[in-house]
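Have a look at this one before I ask anything.
Order as written gives the chain letters A, B, C and D; numbering starts at 1 within each chain.
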Amino acid sequence: MAETKEESRIGVFICHCGTNIAGSLSIEEVKNYAMTLDGVIVADEYQYMCSTPGQSKIIDAIKEHNLNGIVVAACSPRLHEPTFRTATEEGGLNKFRFEMANIRDQNSWVHMHDWEGATEKAKDQVLIAVAKARMLEDLQPKSVPVEHSALVLGGGVGGMQAALDLASAGIKTYLVEKAPPTVGGRMSQLDKTFPTLDCSQCILTPKMVDVGRHPPNIELKTYTEVEKVEGYIGNFTITLRKKGRGVLDPTEALERGIVGGGCNGCGDCAEVCPVIKPNPPFEMGMAPRKAIYIYHPQVMPPLQYTIDFDSCVKCGLCVEACGPEKRAIDLDSVDTFEEIRVGTCILAIGYDYIPIEQKMEWGYKQFDNVITGLEFERLICASGPTGGHLIRPSDGQTPMKVGFVLCAGSRDNTGGVNKPYCSRFCCMYSLKHAHQIMEKIPGAVPYIFYMDIRSFGKMYEEFYYRIQNEGAKFIRGRVANILEDPITKNLIVNAEDTLLGRPVSMEMDMVVLAAAVQPKPEAEKIRQMFGVSKSQDGWLLEAHPKLNPCGTTTAGIYLAGVCQGPKDIPDTVAQAEGAASAASIPIHTGEVQLEPYFAQCMDEICAGCGMCLQQCPYGALDLVEKNGRTVMEVTEAKCKGCGTCGGFCPGGAIKMQHFTSPQICAQIDAFLLKGEDN
Amino acid sequence: MSGNMKQYAFFLGCIAPNRYPGCEAAAIKTSEKLGIELLPLKGASCCPAPGAFGAIDLKVWYALAARNLVLAEEMNMDITLICNGCYKSIWEVNHILKHNDELRDGVNEVLAEVDMEFKGSIDVWHLIELYYDEKICGVEKVRASVTRPLSGTKIAPHYGCHLLKPKKERHFGDTENPPMWFEELIDALGAESVQYRNKMQCCGAGGGVRGFDLTHSLDITNEKLINVQEVGADAITEFCPFCQLQYDRGQVEIQEKFGQAYNLPVLHYNELLGLAQGMTPQELALDLHAVDCKPFLEKIL
Amino acid sequence: MARVKEYGNAELEEKLRDTNYYTTDSNPQFLEDVKKLSRTAANMCYQCGTCTGSCPSAPPRSSYRIRLFMRKGVLGLEQEALNDPDLWLCTTCYSCTDRCPRDLAPTDVIMAMRNLAFKVDIVPRNFLKTVQLIYNTGHGVPNNDVNRAARVKLGLPADPPTTHSYPEFIPGIQKIMDFYKMKENADRILAEESK
Amino acid sequence: MTDETWNPKIIAIICNWCSYAGADLAGGARIQYPPDVRAIRVMCTGRVDPLFIMKAFQDGADGMLISGCHFGDCHYLEGNYKCAKRMFLVKNLLKNIGLDDNRLRMTFVSASEGAKWGAVMEDVVKTVKELGPSPIKKYER
């Protein structure tokens, strides 16, 4: 039996949380019950325990009654444990002498119509918390130094902004981009941006240039993936895999002793390359690309060629064309690995579009003239495959009637698609597309099939007015199906104009589907490496949707951009700046406090069997010789406090601080035996 | 009883045996050549009609369909049938009752009145499904059974609704990307299947609409006929006697009401298969069809 | 505003009838009944119109709008929905169900509403005729002499091996239908109609 | 038949990162469920010692729930796997000592699955109510 070393002097404080708690259960009854519990010296209640007067009650009571344990019955410890720990500390107690009973989120809110049941449960919750509080011990949080560097994963506009902010704050920042050999992301594929109609590339290039110019603070690593993540806040060790690009830049060339060599972007190699493939990622497959290529003209790092080894036939013509001076091409280049150490990480890994051909009723990939919004961006973009002339893929003609299908896959609960959320920027870019058609093609009419126009941002509704005023036709109805006239390749769009209450069947020259967005397939692997949860729809989960929208439940990992949920460019950039600010705080503080939930070996009980070693995912446990016996030893710096070793130890020799076996057993006993002795 | 024959309880429904007996005769004879033996399901009734009857009281619809299912359960044999409407009643009720305890208990309460109990021990198949299924028959076996190829004919397929829709409660996949398996079965007879606009659209008969508002119903049929005629089809084929009735008698009614004539013969797939396997028009009672099949028959005989 | 104007003139009353929607027009139970019978969450309709746009019965030939029936279901407008003759124009092709982005089954909602209409004696004649035919013969489309002759020529029995050949099964069918008073109601409605 | 007036004693040991957060989310969403379960928070289900479970049943618990993160989502990489493996062992043990192993349940509820938490609560209480009071209580008297 675990003896309490000192006489328990517990104070119990019950929060009304306005009517959130007090409206569903009897505070009075819970308070009176608390007073009957062994070790409870004082029980009190207050409207809002988290308020300053509420906290003062705790501080004063500790002093007045010489308390050695505090229980607050209120909301979730995930919300207010830090608040009350601080109060406990201000009262002069060790802050780990505090325990919380969650009688709001896990009681009054979920048993709103069961006064008695909720009251009984609250009494038990207090009982369980008091049982634990009586067993609590003083603990000292562990301070660890923080690496003065950060990782930003993803080189889109969000990742670039975060990296620029971190770098400007004087933090060494690794900006890692996986797929294309450049930063820029989705935004570099866009033509204009709503509602200002800024040219996307024009406002993006300065940022790309800055990212390139920021050395030594920004270390740009393109064509690079994260292979492994180890460590914890302040001390992450990240293994990067730099994919073999097949082309050496001047620095890399110099490292190999080729003075004055390396790629200068002349393009002689691409000219001779015999392999021609559609350019799927950037031009949506609408333009050809050689096996050795530049991703797009504004790439950063600049004018850097890359070999697509999936299509390269290794004929060697490019090596010849490059010549003996530059010697920039290495057809045998392989992936290389590198370890970096960072204090915090920001994930800005972006998004994908759903394969909209799944919605077969709209005929994408069946009918030539049904395209997606992103394809439209490339077709209307001056640097795109058609030089900015919007043409029908079937015959190169200029479309005069263009239909826009909004919510193409968004807000759709059907199996197969199952994207119940709003993709949040399709309304606005479709309005912008409508504007661009009317601007570029005199007499052309856009028809926008919509359910709701969600123009929620600054100057967005005004943009909607403008497009309506310019002559775009809005039809309030979701498109039922699209049929193709096999001869003209025109499209018949069927829908109901729900405002008119009449079905419409309209012949269009071209249809643009505003396809829904979804998390990238690799997001799953990445979030598991970084220990980030996902929300129900697969987007990465923020720590709190309102109060901590950039953080995650893993300390030191932050989110920016669409990977956390659909958002447009302004919101992405804003969140990126938020994430950068949050990520810089521990770095500038220089140290973080870790909760002291470490495992400890009780040497006198430990048999030295070593079975716990396999339980630990962090390799924090070792067998050592102590006083002539083999016992286990914990490396505190590696231990994260999960307690998996403690849950397993056959001899009960591992003490999990703050979650000790006697504490947990006391909680179980308290509820089941109600103070009766077993 | 031949050893290699797969046996099924043959659920007839109403329109096939009572209006187009050629469908029934052909189904039995042609299936036999494909290794499928159809045994009479004695005492079966109307499925009952899902649109017209389910519209009034779904509970009775469940119960009467369950009664038909129980007859086959008592034979310990899967059901096969040749009508989309029957498929909706028999297959769907079987499916629902197997998965919904509340409805199943309700149905069994009624069936107890007539000393029956729905157990959920059998499956239901459309005969065309069995023909296409490689494990049961398959297109090649159909092709091999042909002795008189229907060469030189262009045939428009009509899939109908209730075998394929709603897709989430069926197992035939997406109906938006128009299915082509029926075409494979038609082409296997030596005929040329043709594609036409809005192939997957309803014939217009279902849901009791044919009885409630014939003109409305025929207008939908007419739209289909226009699309079929546009591509120069010699005949329409389907695997639903109710669709057949709508297209066949419907053409006469359309001529009366709208003054438009198509003279497009309408044949159940089993009738086509019968012809391709050498059955005579007399053996198929094609003279009972409202639209004269002769022009079509002349192309193949 | 007074909903009844009491102008004492039927024509005027009708012409100036208050067509506002009042919450008192709603019967919330109607939505619940529809949901239970249709086994679909009819309340989740967001009125996008995909159903009407997919409907072969709506576009060029009628005033039937399946979306409006969904709306009337959501609002509990029982009388309006059940008394609308368009309710009987659905061919049950399930195109709307296949395309509904909310994964609802509007077709089954129509079927549920028809069931509810029958409970208050709203039902087209042809549906009742089918009831009587099945009650008496087991078949909605029974055999006839021309067909019998044709069957014999084909080598089939004059009557198929259904209830036609085994009339001993008909009482069982009648028992099932009587259990729900279906025939009784059908007869009564037809009799009242012919009065 | 379940006794409507009997309230089973059920203890849940749930992990801080997923199931506890999911339970909080259920609260935020006001998802209503029966109040019979008492939760004890641990950092990870890996912390769950089989002895805790045996202790609870010995003390007369009618049911126990262990709930953690989905596989692959563990905040500590693999604590939930380790726990799940132990649960097989404990369930076997329960069967062998004559306790219905349905009294012990392990579920996986993520931080975003508030509705699922509500469903788990409903189901656990229903299951335990159907099983009735723990037979161990009888021996105590």
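Annotations
Note that a contact is a pair of C-beta atoms (placed from the backbone, for glycine too) under 8 Å apart; a residue touches a chain by one contact, two chains touch by 3 or more.
Predicted model, so just to flag it, every value in this text is computed and none were measured.
Here the two chains linked by the largest count of contacting C-beta pairs are B-C. In this assembly, the C-alpha centroid of chain A lies 50 Å from the C-alpha centroid of chain C. Averaged C-alpha coordinates give centres for chain B and chain C that are 24 Å from one another.
Taking each chain's centre as the average of its CA atoms, chain C and chain D sit 48 Å apart. In chain B, the positions touching at least two other chains are 168, 176. The multi-chain contact residues of chain A, meaning those touching 2 or more other chains, are 361, 414-415, 481. Counting partner chains per residue, chain C has residues 99, 103 touching two or more of them. Pairwise, the chains that touch each other are A-B, A-C, A-D, B-C.
Only residues 46-55, 58-59, 65, 67-68, 99-103 of chain C touch chain A when the two sit together in their complex. Within the complex formed with chain D, the chain A residues making contact are 76-79, 102, 104-107, 109-114, 117-118, 120-121, 124-125, 128, 528, 531, 533-536, 541, 553-554, 597, 615, 617-618, 640-644, 646-648, 652, 656, 659, 661, 664-665, 667-669, 671-673, 678. Partner chain C is touched in their complex by these residues of chain B: 12, 14-15, 17-19, 21-22, 24-25, 40-46, 48-60, 63-64, 67, 110-111, 113-114, 116, 161-162, 165-168, 175-176, 200-202, 204-209, 211-213, 216-217, 219-220, 223, 282-285, 287-288. Taken together, the chain C residues at the contact with chain B in this complex read 37, 56-57, 60-62, 88-95, 97-99, 103, 105, 107, 110-112, 114-115, 118, 123-124, 126-131, 134, 138-144, 146-147, 150-151, 153-156, 160-166, 168-169, 172-173, 175-177, 179-180, 182, 186.
Residues 168, 174, 176-177, 197-198 of chain B touch chain A in their complex.
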